[in-house]
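After this come two complexes, each holding subunit A, first together with subunit B and then together with subunit C.
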Partner chain A sequence: MKCVVMGSNVKVLGKAVHSLSRIGDELYLEPLDDGLSLRTVNSSRSAYACFLFAPLFFQQYQAATPGQDLLRCKILMKSFLSIFRSLVMLEKTVEKCCISLNDRSSCLVVQLHCKYGVRKTHNLSFQDCECLQAVFNPASCPHVLRAPARILGEAVLPFPPALAEVTLGIGRGRRVILRSYQEEEAGAQVPPVPGPTDSTVKAMMTEMSIGEEDFQQLQAPEGIAITFCLKEFRGLLSFAESANLPVSIHFDAPGRPAIFTLEDSLLDGHFVLATLLELDPHSQDLGSSQLHRPVPQLQGHSTPHQDDFANDDIDSYMIAMETTVSSEGLRVLPSVTLTPGPQRHCGPGPHSEEEDNDEAEPGPVPGTPPPKKFRSMFFGSILDPIHSPQGPSPVLAEDSDGEG
Partner chain B sequence: MKFRAKIVDAACLNHFTRVSNMIAKLAKTCTLRISPEKLNFILCDRLVGGGVSMWCELEQENFFSEFQMEGVSAENNAIYLELTSENLSRALKTAQNARTLKIKLTNKHFPCLTVSVELLSMSTSSRIVTHDIPLKVIPRKLWKDFQQPSVPDADVSIYLPVLKTLKSVVEKMKNISNHLVIEANLNGELNLKIETDLVCVTTHFKDLGNPPLASDDASRDRDPAEMAEVHVDIRKLLQFLAGQQVNPTRALCNLVSSRMVHLDLLHEDVCLQYFIPALS
Partner chain C sequence: MPLLTQHTQDENDQYCLVASLDNVRNFSTILKAIHFQEHATCFTTKNGIKVTVENAKCVQANAFIQAEVFQEFLVREESVIFRINLTVLLDCLSIFGSNPMPGTLTALRMCYQGYGHPLMLFLEEGGVVTICKINTQEPQETLDFDFCTTNVISKIILQSEGLREAFSELDMTSEVLQITISPDKPYFRLSTFGNAGSSHLDYPKDCDLMEAFHCNQTQVNRYKISLLKPSTKALVLSCKVSIRTDTRGFLSLQYMIRNEDGRVCFVDYYCSPDEDIPEPES
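Now for the complex of A and B:
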């Protein structure tokens, strides 16, 4: 594989690497016939991001030398990022960037051709890897929001940098609402303040409400709301803002992944983020009258929790990833990986990652406890749309209460 | 207990934001006292913070175009709230280009100060940001802990030099010592001094001027050249100086020998008093 990026596109590439670096520690680089793809997934497999740079993006693009198989590789995000760390440097001094990958060198070679004939060559050792491909389809999501990146960027600006998750929803009068999401035990999220009172430990709630007219497309019913990680969203937005592209958010019921897409003639980007499945009505509904709720609001923390299960903090991250070893044909058949329970609840997580679950049985497992909130990451096809949006979600992995 | 206020004027909003930024730099949590005429930001750090206290006062009518409040009762017409000052300053930061800012005392599962900002936007659309700042309502019986501190009779009162200069001097001194000696006399001289086993550094300020003495003041009979001195924790002084982004209209330092430093600032119509106890 060999490709050459010229001039201002080097910065675009750099920006994309920056936003990928907010998600995962490893970068999957794969030259395809329809362009160079850069992908990553986070360690809990609740977020996946992919950029595809079309051949036209490059001055020269050759996916494979004739007669050779397509190579793909996995490199450390840190080392790739360090090449593109300073965007100002990229913009001011780099004239050309060559990326090449071949069998013999066993290195991914990135060359920056700078001003005054300076040439920087980075040899990055890489690992052969399976193809990382999340299974998702924006077209299967019934709800779509589309707005210029700047609007969304301004909308997340008021939220504190430390905030982990944000709830996006449609409120009264079809206004789009973004609200800081707080877990029930807000104190656990916030760094302990040495203040004497609990009031100071509780975090500030922020809500942004934007009129429908700022959106290019708003196809979602009032009352729907999803909660996802803000950090990854910010990463995507910073790229989209610099490229001045509109962002489309495709989403479905809470708990199903939200897909964020950017498209341009030269590149497209897809971010798939897990959304929180919240079955505990009052915790997602911290004090706002803006969003419609089917369930009447419960008043405050004084209300005794009716159901201990509802408060059980077992979040499950689930993901279905296709981690097949190569071959285009296999890509159609996703293998499903489930990671039950959050890292702190399930034992050593990875053991289950290699299991291939049969996706034919999404129904409730007998003896399943009542549905509880879990974060789920379904990259695709485990849940047919027919099965789920309403009603209790099928529990795919039996809860492992005692295992802790 | 009710409170509702509104700012529409951009200059007032800026000024109020500056005040809240200053408070956030000076105190992690503070008490906000709301009364019909005034707002006070109060810090009474008796033990934990090493005894620093602060009293910041502003006239509500200089800031708010609408101001309605109803205290706990007719004879105690005030509200005392405890809040994390950074929350307020962060909430106001989003109000930089706001059309209007509304502040309201609300109860959303827990008591909140709700700051609602209507942002200016280019299109016809309106954007509204709402921040719910969690707070604690301070019960009537604890109000006595948050009274305006009495200002003791100072041995020496002196005007301070430009605070930025003072800050850069104190910042350097902090690298060498934890303690600082502030000394001043009635001849308009102020010295900042640090002493360690290895080195002694003193910065002298001259011709700063002293405010006119009240006629019954005890320091009337004082020798103008005699220095009054107070040992303070250098970090406390630096924290105060770091909080001052804008040079105040008037800055006064009152020294009570071996007891405390009282810093008295006037920013347009906001007055700030800051008390740093002497180290024994």
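Now for the complex of A and C:
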């Protein structure tokens, strides 16, 4: 693989890496025929992000040298980010960026051609080779919001930097409400309505309300509300703002993943964020009774004790991923399929096994509990359990024959 | 006329060193450039003050503040030597705040009576005077790197701007910084070998950043990155840097720092190479 990014596009690429770095510790880089894909997933698999840079984004783009297979690689986010750390520097001094990946050197080479003829060459060691793909389909989400990134960016600006989650919903008069999410303290008794008790009332609650007219599309009923992580959302917005792109938010009921998309002729970005499953819809009620729907299995939106996992049907809320084994038979290749949708990024790589699943109906997919202690953010997946290609351990290799 | 400079000749007589300046930052900034160790040794002659800091017997930093930087500079002995806690000295020098309001200057008068006496600092800002007495310590012998101009193999003068970013981005997971200076490509290369992989930074020999490039013989040396990283402090303040290596692979970095009065001061770093002889570049 070899690609060359020129001038201001280097900064766009850098910005994308910055926003991905807010999510995961590892970056999956995959050259595809329809562009270069950069993906990441967080350690608890409650957030997934993917950028696809079209061949036209590059001055030169070659997914694979003739006669060679498409290579993909996984590198440490930290080391890739350090190359693009200073956006000011990228803008001021970098004229050209060449990224190449080949089997022989077994490293990913990122070369920055800077002002004064200074050349920086980074040889990053990589691990091969997982195909990371979350299972999501924006088309299956009944609700859609679409607004310029600036509108949403300004709306999240007043929230305190330490705020973990934000609730997005449709309030009275079809105004879009963004509210700081008040997390109950672990183990505290939760009253049905937030009262003036120390455990539930935080010093400040911030709420922003945006009129319907600021949205390019607003297709959601009054009263619906979802809660998701602010950090990842901010990462996405800062990218979208710099690229001056509108953001579409596709979502469903609370507890189901929300899909944030950006599109442009040269690139597209997808962020899939888990949303909180509300124990108590009143606490985040946005002034309507619409939220009083039956709440599925999860019993609380704080899981302070690991033991609590045992009581919950966590498997239903994991991100859908799957594992295949590469031709070498030794490497671990967790790859994940995508239900048929407008954005199918899977290349012509080893995906035959997944083909069946593309037809799967929405449904839960089993998964393992996350390795870390985890808030209540799980992916509702849309794969049918019967079609789930994966046992209860989506990260570990399944002993399959592979595709050859 | 600032309060502090109004002193009678008699008062001055009891001190072997008296130095005054209108703007203490002209002195403290240079000291900050070498502040990577707690203690420093000060040598004072009629030419000025040299402050030396060392680490691990492998790296030495010297800050030179010439007599001309001071408005008053008296040395009664041929040389005055003492060791002092540099952290405390810098804290005292910035006692009125390290970022003064524009237009207000802190004036300094520094006096030393001699061996066994404290260093006296009189700091004045807006009519308020602070007197600091810092105990001095037994001077310790400093390293002699014996870096002779005649043994220099290569010499590069760069605009600091070109190196600043490189040093701030150094991959600190690499144990060493490898410096390659060669009459042919890659001319001047900085390499690190960290956990994530290797990085090379190449400078062409004829670009606007490079003011001088003298090298007749390829030389590849490795230096402990932890020893070189503190020189970033001086690099950030400097406008130009001279990089020299000698036959033994010793590295000399000379930073030219322009103070607020427009006068030029120098900070030197000497570093010994890492023992392991690097394998030839592939």
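To be clear about the criterion, the second predicted complex is superposed on the first by the 269 of 404 C-alpha atoms of A that agree within 3 Å, B and C clash if a C-alpha of one lies under 4 Å from a C-alpha of the other, contacts with A are read in each partner's own complex, and residues count from 1 in each chain.
Just so it is clear, contacts are C-beta pairs under 8 Å (C-beta built on N, C-alpha and C of every residue); 3 or more make two chains touch, one makes a residue touch a chain.
Keep in mind that this is a model prediction, so the values were computed, not measured.
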Original post:
Does the superposition put A:Ala162 against subunit B (first), subunit C (second), both, or neither?
Top reply: neither
**OP:** Go through the superposed model and pick first if A:Ser209 touches only subunit B, second if only subunit C, both, or neither.
**Re:** first
Original post:
Of the partners subunit B and subunit C, which touch A:Leu56 in the superposed model: first, second, both, neither?
Top reply: neither
Original post:
Who touches more of subunit A, subunit B or subunit C?
Top reply: B
Original post:
Should A:Met89 be classified as contacting the first partner (subunit B), the second (subunit C), both, or neither?
Top reply: second
**OP:** Applying the touch criterion given at the start, work out whether A:Ser125 contacts subunit B, subunit C, both or neither, answering first, second, both or neither.
**Re:** second
Original post:
Both subunit B and subunit C touch subunit A; at which residues?
Top reply: none
**OP:** Using the touch definition up top, name the residues of subunit A that touch subunit C in the complex.
**Re:** 75-76, 78-79, 82, 85-86, 89, 93, 107-108, 116-125
Subject >> In the complex with subunit A, residue positions of subunit C that touch it >> reply: 162, 165, 169, 171, 194-204, 207-209
Subject >> Contacting residues of subunit A [partner subunit B, same complex] >> reply: 154-155, 157-158, 160, 193-200, 202-214, 286-288, 299-301
Subject >> Partner subunit A, residues of subunit B touching it in the complex >> reply: 28-29, 48, 82-84, 87, 90-91, 93-94, 108-112, 121, 123-136
